[in-house]
Amino acid sequence: MKLSGVLPPIATPFKNGKVAYDKLKENFRKWNKTGLSGYLVLGSNGESGYLNERERLKMVEVSRDSIPKSKVMLVGTGLESTQETIRFTNEAARIGVDYALVVTPCYYKGAMKPQVLHDHFVAVAEASRIGILLYNVPQYTGVNMEPDLVAKLSHHPNILGIKDSSGNIGQLNQVIHNSEENFSVFTGSGPVLFPALCVGAVGGVLAVANAVPRECVKIYTLFTEGKLDQARALQNRLTPLANAVTTKHGIGGLKMAMDLAGYFGGVPRLPLKKPGPEIETELKGLLHQLTS
Amino acid sequence: MKLSGVLPPIATPFKNGKVAYDKLKENFRKWNKTGLSGYLVLGSNGESGYLNERERLKMVEVSRDSIPKSKVMLVGTGLESTQETIRFTNEAARIGVDYALVVTPCYYKGAMKPQVLHDHFVAVAEASRIGILLYNVPQYTGVNMEPDLVAKLSHHPNILGIKDSSGNIGQLNQVIHNSEENFSVFTGSGPVLFPALCVGAVGGVLAVANAVPRECVKIYTLFTEGKLDQARALQNRLTPLANAVTTKHGIGGLKMAMDLAGYFGGVPRLPLKKPGPEIETELKGLLHQLTS
Amino acid sequence: MKLSGVLPPIATPFKNGKVAYDKLKENFRKWNKTGLSGYLVLGSNGESGYLNERERLKMVEVSRDSIPKSKVMLVGTGLESTQETIRFTNEAARIGVDYALVVTPCYYKGAMKPQVLHDHFVAVAEASRIGILLYNVPQYTGVNMEPDLVAKLSHHPNILGIKDSSGNIGQLNQVIHNSEENFSVFTGSGPVLFPALCVGAVGGVLAVANAVPRECVKIYTLFTEGKLDQARALQNRLTPLANAVTTKHGIGGLKMAMDLAGYFGGVPRLPLKKPGPEIETELKGLLHQLTS
Amino acid sequence: MKLSGVLPPIATPFKNGKVAYDKLKENFRKWNKTGLSGYLVLGSNGESGYLNERERLKMVEVSRDSIPKSKVMLVGTGLESTQETIRFTNEAARIGVDYALVVTPCYYKGAMKPQVLHDHFVAVAEASRIGILLYNVPQYTGVNMEPDLVAKLSHHPNILGIKDSSGNIGQLNQVIHNSEENFSVFTGSGPVLFPALCVGAVGGVLAVANAVPRECVKIYTLFTEGKLDQARALQNRLTPLANAVTTKHGIGGLKMAMDLAGYFGGVPRLPLKKPGPEIETELKGLLHQLTS
């Protein structure tokens, strides 16, 4: 199972406050026709923290049924405590997912020293029945994994890669250069997919790929074909939308863009909200500019 | 039920990886003999995020049985989504707790704008069968509730107070001054209990009170008796320990101090750890200095 | 020369781009009739970094002539390099100022480790012909002096006090408690004058005292007379204006408030600007509310 | 005069506390034999803030004499006030420098809103007799220039480029893409020279180029020849040294590396210091690893 290319951290669709599994299947039918390499289920953009355990497991099961074996299936299984993370990772493994993505615990930020994070990830990797990828997303967690720590963990046989969403290309470069050779480094930041590939990333796990998977994949394939100028030019057209559906307008904005792009987005769960009509106009403009 | 004085956010005791409810009862028996006004169960210092739902409910039930009716019982019921927060708050209400302490949702920090937080707290307050207190703890959440927002929420008939753990006395002062008259403002920061009382706080919800409840209560009573110099002097003796068991050595340090002070502390859940022997020596010294 | 009470870090008046020394003298004539304990010349609020050396020296000379011997005269003499700081401190000493206020060097923030700051301040204190006070203002410098460092420096015979503008009362309390007994600790933050006094500060060096010296002094005297409730009540009336003329509207706002309060404020030097008419209305309201 | 390639922000040499102009000339003689495109005099790494005006002007004069006309000469002329910046920029112009590099004013961080910065840079550009480049270095100034502001300024006929030292490649990419076509965008961060070139930067103004100019230039030429794999590989060998001489060990570390590499480094001015022998060993190792 090759770890590379573009994967969306899929949005979780809701209708009337409940997870809309039928809409999820519809989205998968459409996404499966694009060049996406795979999917991340229960990532940050999947409002994972807003789902209860039952909903999470159902999300994994329905996604497993909808994702062809030719595509990678990642599931976000990281929780605050080591034992709950292990338990939930093996629940996901039982359902047949390929790899688990394990976020840094973060509530007690001050205590998340490198050695504490190291021991947590090693414990999870040792106990997990499937390979794991690290997940570094300091803008949400307030915790950053330094390249030295990642490099050390990259030598563990069951720690296979990382999704680094910091957007820090210097850090990504050092992670790639210092880590074990076959360690798979993904960026999690749409606006820097192109420079991430330039410094050696294997791909991106990108929120914006929920809405415009083909354009994201195109950047990746142009790059792998050595067409750098075209890849950069397409990145420059993607960047404003990629910024809009994450940093600027959050998950509500991402779901709105999905609706506009022909997928089911719907509303996020409260306290998150869908943005107003002026943002809809902005997103329409950005989509038009990118895809026309 | 008067909201004032000193309450510890009680530590959750573990033995062999399981919650040790017998040790919890022992701790309550000792705490009940001090002048504590009440207790916060499932707060940040209770490793609430490391407990599963079943453990949380059992913690509330056992605590309810152990807390005399003359003392206030608060329970931390805030979760990331509005609907889960409401559900869990009413679970706690069913068990007979006095008030719910509701933390700011925080994973999607960028989206937690004042209006979003306002609507979340109002929705919880409207749906809750018991009164709620706000919980502001930016060092853990990365989200700060500004005085204007708190003042606005203070007028809701079912929002009765706040625990502000920012340690920012200027902010606390403004919260107190701008809020509705009977709104109960607690500091959540042991090192600033005395100045918090000076600017009008009604008390403190203090981690260090798990280990040295009498000394914390003494600061409060000296202050209420107008003995400011003595209150300030005792605060100055408390501060080094208060810093040590929170900012410096975290929950592992707090539990170690509890063991040294005659309560059951034990180990925190992984990935948190108990500090090493040199910290034990430091804590012994600080305890000795305070209580001798 | 007693170090206590309220001192304004005086604004530098400009007319047609030049320092207006006549307006400065006018301001002093008015300030001298209030209960201010003294003055800080060339502080942050004096736009010190916007003056050339000649202007700075003239400011010190004119101020020296305008300040009666019964009031303390502090001058901000801290520059980036140790040798320039020493040179300028002794220039100020030659003119007859009482004490020098020396800010932490800050451009190379990452290099300003505690030992580097320690050695800088000791070198300045050793070479200075007048006593020095430390100046900690992290919101401008990005550098914070921890209580341990201040405590250590407080034992130097020529380091006599500190102006701490962090607004952090817990830190101020620790600075006071850990430092040498006669070390003079001032807050530099108007919104926390009252709690600063409660934890043992000797006074405040307060921007807002440029515009409303009497009200600031009144808080101090009420406190020293043991009238805590009245002191706190007046603080609560002062706080909105104190916030407005620093954090919110900067030096332009401070100068506008001075104009409205009967002093000469005028415009700051570019790139700083005077705020627009809606801020003038806000400041008028805040002044009216405080002084009526 | 072409603005591209690699320029060192030259270190200012000191002997016995005075600027050692002879050592400066020696360094230029060596640097001039490498492929450097030009030089930045009085940049952050030149300890500009530790020089008095007389020393600054002499630094510019001596440098002007030492820099051949075929190489670009930039001088850092930004000061806190608009009028002093204009005055000093035109002093530098009088001496015959090619371009002025103007840093964001920064002491009053909170007041440095986009419009304030915009008006400052336009005023300087209008009054300057030479073309100016913007200088964004948030790690020192605490102020960041957003891509939108830079893009707007890029259309001014006398604002010709920017040195962005944020190290943020996503931001650099947006600055490049949004700005006027011939606007020259340099990175100021050695560890990201390669990705900066990938997203369209014209070169780098790099501290580490003081010590290893040839290796920095080689990354640039390999890139322009389309030898991306070799450029990336050399970047990876440069990065540890580039991190060491800026973020990790500061200007003292940079000067130590210069001494080890055959240039005159010497000591920085106090309060900055030269690091100890264990850092010397580290730097020797990093230099050996890069150049062998």
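Letters A, B, C and D name the chains as they come in the text, with residue numbers starting at 1 for each one.
By our rule, a contact is a pair of C-beta atoms (placed from the backbone, for glycine too) under 8 Å apart; a residue touches a chain by one contact, two chains touch by 3 or more.
Fair warning: this is a prediction, and the values are worked out from it, not measured in the lab.
J.: So, comparing C-alpha centroids, which chain is the farthest one from chain D?
T.: Chain centre farthest from chain D's centre: B.
J.: I want to confirm something about chain C and chain D. Since they are copies of the same sequence, is their interface symmetric in residue numbering (over half shared, so same) or not (under half, so different)?
T.: same
J.: Between chain A and chain D, what is the gap in Å from one C-alpha centre to the other?
T.: Using C-alpha averages as centres, the distance is 36 Å.
J.: I'd like to verify one number: the distance from the centre of chain B to the centre of chain D, where each centre is the average of its C-alpha atoms, in whole angstrom.
T.: It comes to 50 Å between the two C-alpha centres.
J.: Residues touching two or more other chains, restricted to chain D: which are they?
T.: As it turns out, chain D has no residue touching two or more other chains.
J.: Touch graph across the chains, line, ring, star, complete or other?
T.: Here the contact pattern is a ring, one closed loop where every chain has two partners.
J.: For this structure, enumerate the chain pairs that meet the touch criterion.
T.: The complete list of chain pairs in contact reads A-B, A-D, B-C, C-D.
J.: Going by the contact rule at the top, pick out the chain A residues touching chain D in the complex.
T.: Contacts found on chain A: 167-170, 173-174, 177, 189, 191-192, 194-195, 198-200, 228, 232, 235-236, 239.
J.: Quick one: which bits of chain C touch chain D in the complex? Just the residue numbers, please.
T.: 17, 44, 47, 49-50, 52, 80-84, 105, 107-112, 116-117, 119-120, 123, 139-140, 142, 247, 250-252, 269-273
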